[in-house]
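Pasting the structures in now, so scroll down.
One chain, subunit A, links the two complexes that follow: it is found with subunit B in the first and with subunit C in the second.
Entry: the complex of A and B
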């Protein structure tokens, strides 16, 4: 085969790849738009049960998105993101009920404190990678879990109650109304996922991808790898804290369980189920996770066993997650 | 002043001295080949220059100053390297590999609130780098799907994105086809003459076609430095490569 033929063939492949990419992008926009329209219409279409489930899915989805910035974008598997979920909830809990600050001060204050703490914790954790990273993040989260149980400030293992929902009276709305709270969570979710998409597609995000692919090459290119990893760690922590704030507002309550390693592990499961390669993957993973758990728990009290089997099947049949499987099913050539 | 200088360089791994009292001076703009039998310490020397290893004793000086500690700092100070074993961003496309490499020297590299597509100068630079390395037709192909030879080309292209003053290449021709080697020779000879090049290579055609001077390493020491003819006629070099008895024949 001559060189010209090879080149002609490769450029056809390139052109096909570009056309396919444009098609995928267009379809993604259509899907995203219909998802948002569907989400907006949900409270009118269905019973309050569906709205409740949707709130849980969205909060879990934000949490999983934060985890995915480390797992999928940077290649660092953390088993300690629950600590930031908990810190978010405890942050506004302490801000509003102990310090008596208004919510509009407690929320940004909490996020700033979480970011500072994440910078310190991240500086230590990101010196390791692989299993060591997983274990050191787990160790940090267990430390916070232990503190939350023991501290009198946070009411020990009983947790803190009376965490307020946003005051939306200036809009003529009542935040305690489930439908209003649903829209509030929806707005935060859309903003969080859009922000995550922007970050992954940014120059900073491309450095994270380089680190995931080859940390040594990223260094050789001239990137101070550790500072980018700490940056990703901070953004992931703040995102998880946002989920924690919403969670505590949703239940008006926060207790040490939100910092447990089980919760961190569930977040990683959601990421794996949905797939790490897209920003909607974690959201879809959260939906599959929450719905499967709910569905199975209706059918049987031993739902955890079946959930384990379900998870194994998902991993076995959708290697790169549900979203990638759907993509290849939609665009595979006949 | 020399562009690159090794002064009484030692590197020991446990009981094994891989670099032992190495002294080497490369003047600016020179193309220097470093050859030697396997285990002579060639790659270790590149690792010492580029901050991947620190010397047990001795110094590496660039423009008369000690090299900056960590690899990324060395790269930012104008010294780039290619690796003996391909180290690519495998899941990313060719153009994205090059774009990320070029982006390292653009102030946008820490920007997380804008799309990477907004920085056209970086993309243009990546496309020019691809053109120089004959990679234009495979820009959108993920690096993992490239042929071995194409991967070698991308490996060198990534190092060149740093626009280095000193370029260290670790066996760039290893495993490539004759056409790819010819392209590599053209590429090296086409680089601006003010770039100092240190080439570690086993392929003597590439060495002879591109380098002014050859340094032979053996057991971590400089055995000889000279032109092609001088090296070919040097009995100690023959001995190092072929063994005592053959060299005497």
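Entry: the complex of A and C
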């Protein structure tokens, strides 16, 4: 008899769980739809200042999404992703201003070159794990940072200017117009986040999750763990390079600071703020971070000190991120 | 030949300066498994503390004595009041605490800039150590020889403490089996805090002795700490003896590339690191012993 009670109880909990899951899915869809509608309407609703902020948030969000594929999906904490942001910017900088190539060649060319470089760098870095991985990615980024400062071709520490925005005249649009550029970045962001979602949900993503939870078990099951890790490293690098291309087009400019250690750290901070468990987490983290940075720059010039303190507080008290905290606040039934 | 000899001495001096940082980083990692990214902050704190004491009293020796005290206190406080409680609450010592110290590195640089401004400061070279000395046909600054001496003395001292004293035995036991050491009645948390403080003090000492040679500025720690990471990874994380040899390798690579191949100066040591990672991902000296 007690068995029947247990079964009955389990089936209710299962049913409740299913309804809960459906509710969660519906709510997520509603949220996503309203976010997209809101994003589309933004330039009409608000001042140009908000449009500028939104552009910065989306670019930072793409950067953070790339980092999250390593940190969240694969469990490899990298402190060197800034190097790929910089390589993206320098790639189209060299392509357009030094080689004189059109953008439609420079952009894919840059992404291919970054992917090839990431394959080599990733093959070395993924031989280590944990803190050693963190240190070696940092060393690689410092190496590129050092080269960028020294290299004459890219104008040393002054950086390169005159990086063009996309030519949209065939649509009758001008890329230099902030609103047009906003929509361009929005389209890229939606595509990047959707692609990231597909990757994480794919069988490839499941293997990455298996590696994160237990590398030994994944390799015992016959997966070529190191190729998967290098694969994740390449995708993450290309995503960060996309952010770098957009960033350099946004400011018409690229300099070695975009490869700095601090910038890589800012990306990791966004990922932690947003939480590593969801695909939109990095975007939320980027929004919180960019807005907090803007607020801080109004209040004080000592940005670096508050960046450090903020970073420590987030790691100490908010380790699971804002999205996770919101989720448990919204959907935890007493 | 004379240029080469000078470069060897310069390389030794660079090695010993980095060794002072690498030794502390290695002790902390070997014992507590914490990668202290804020190690450079202690270097900065020591240097600024030295500058303040030096300019108030006019004595380099007092600055050398007092400078490491502030990093020691901050280190003990950080370990016992922040890192230890977080580790006990189940935070991963490897990654969460490493990221927390990353924040501290920038917070310290920012705070120092807020207090002292972004000007470049310095401590004058003490009279007893100024001037040059003739050595094998070259004239070499006494102060740089002093740095080499301090580094070697610290290396010998640490080896002695580790191999020959009760504290060293407790530390080695703590690395091997933490639970057993606790069961034997050793207050492991106090031990951790003191070792963290000592590591920080060594970094502070490096900051003070570097001050007469290089300029003191708010981000000096961020620059040198990356070089220290290269040393500890090349030497094998947590291996004290390995960190000494790796300091020599990295310091020499640095000095030689600066002298003979200035184009590759910025990334010679990273190329070295990458080479080591390809051949031996666990570091050159990892399998010898973990600490000591």
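Please note the rule applied: the second predicted complex is superposed on the first by the 297 of 334 C-alpha atoms of A that agree within 3 Å, B and C clash if a C-alpha of one lies under 4 Å from a C-alpha of the other, contacts with A are read in each partner's own complex, and residues count from 1 in each chain.
Following the convention adopted for this analysis, contacts are C-beta pairs under 8 Å (C-beta built on N, C-alpha and C of every residue); 3 or more make two chains touch, one makes a residue touch a chain.
Computed from a predicted structure; not experimentally measured.
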First (subunit B), second (subunit C), both or neither touched by A:329: neither
Touching partner for A:222 - first (subunit B), second (subunit C), both, neither: first
Touching partner for A:298 - first (subunit B), second (subunit C), both, neither: neither
Which of subunit B and subunit C A:306 touches, first, second, both or neither: second
Partner touching more residues of subunit A, whether subunit B or subunit C: C
Interface residues of subunit A shared between complexes with subunit B and subunit C: none
Residues of subunit B touching subunit A in the complex: 50, 70-72, 75-76, 80-81, 83, 87-92, 96, 99-101, 103-106, 108-117, 119, 122, 137-141, 158-159, 161-162
List of subunit C residues in touch with subunit A within their complex: 29, 35, 82, 86, 91, 94-96, 98-100, 102-111, 113-114, 222, 226, 229-230, 232-233, 237, 263, 266-267, 270-271, 273-274, 277-278, 281
List of subunit A residues in touch with subunit B within their complex: 7, 10-11, 13-14, 17-18, 198-199, 201-207, 209-210, 213-214, 216-225, 231, 235
Footprint of subunit C on subunit A - complex, ascending: 77, 79, 124-125, 127-128, 130-132, 134-136, 138-140, 142-143, 146-147, 149-150, 261-262, 265, 268, 272, 302-312, 314-316, 319
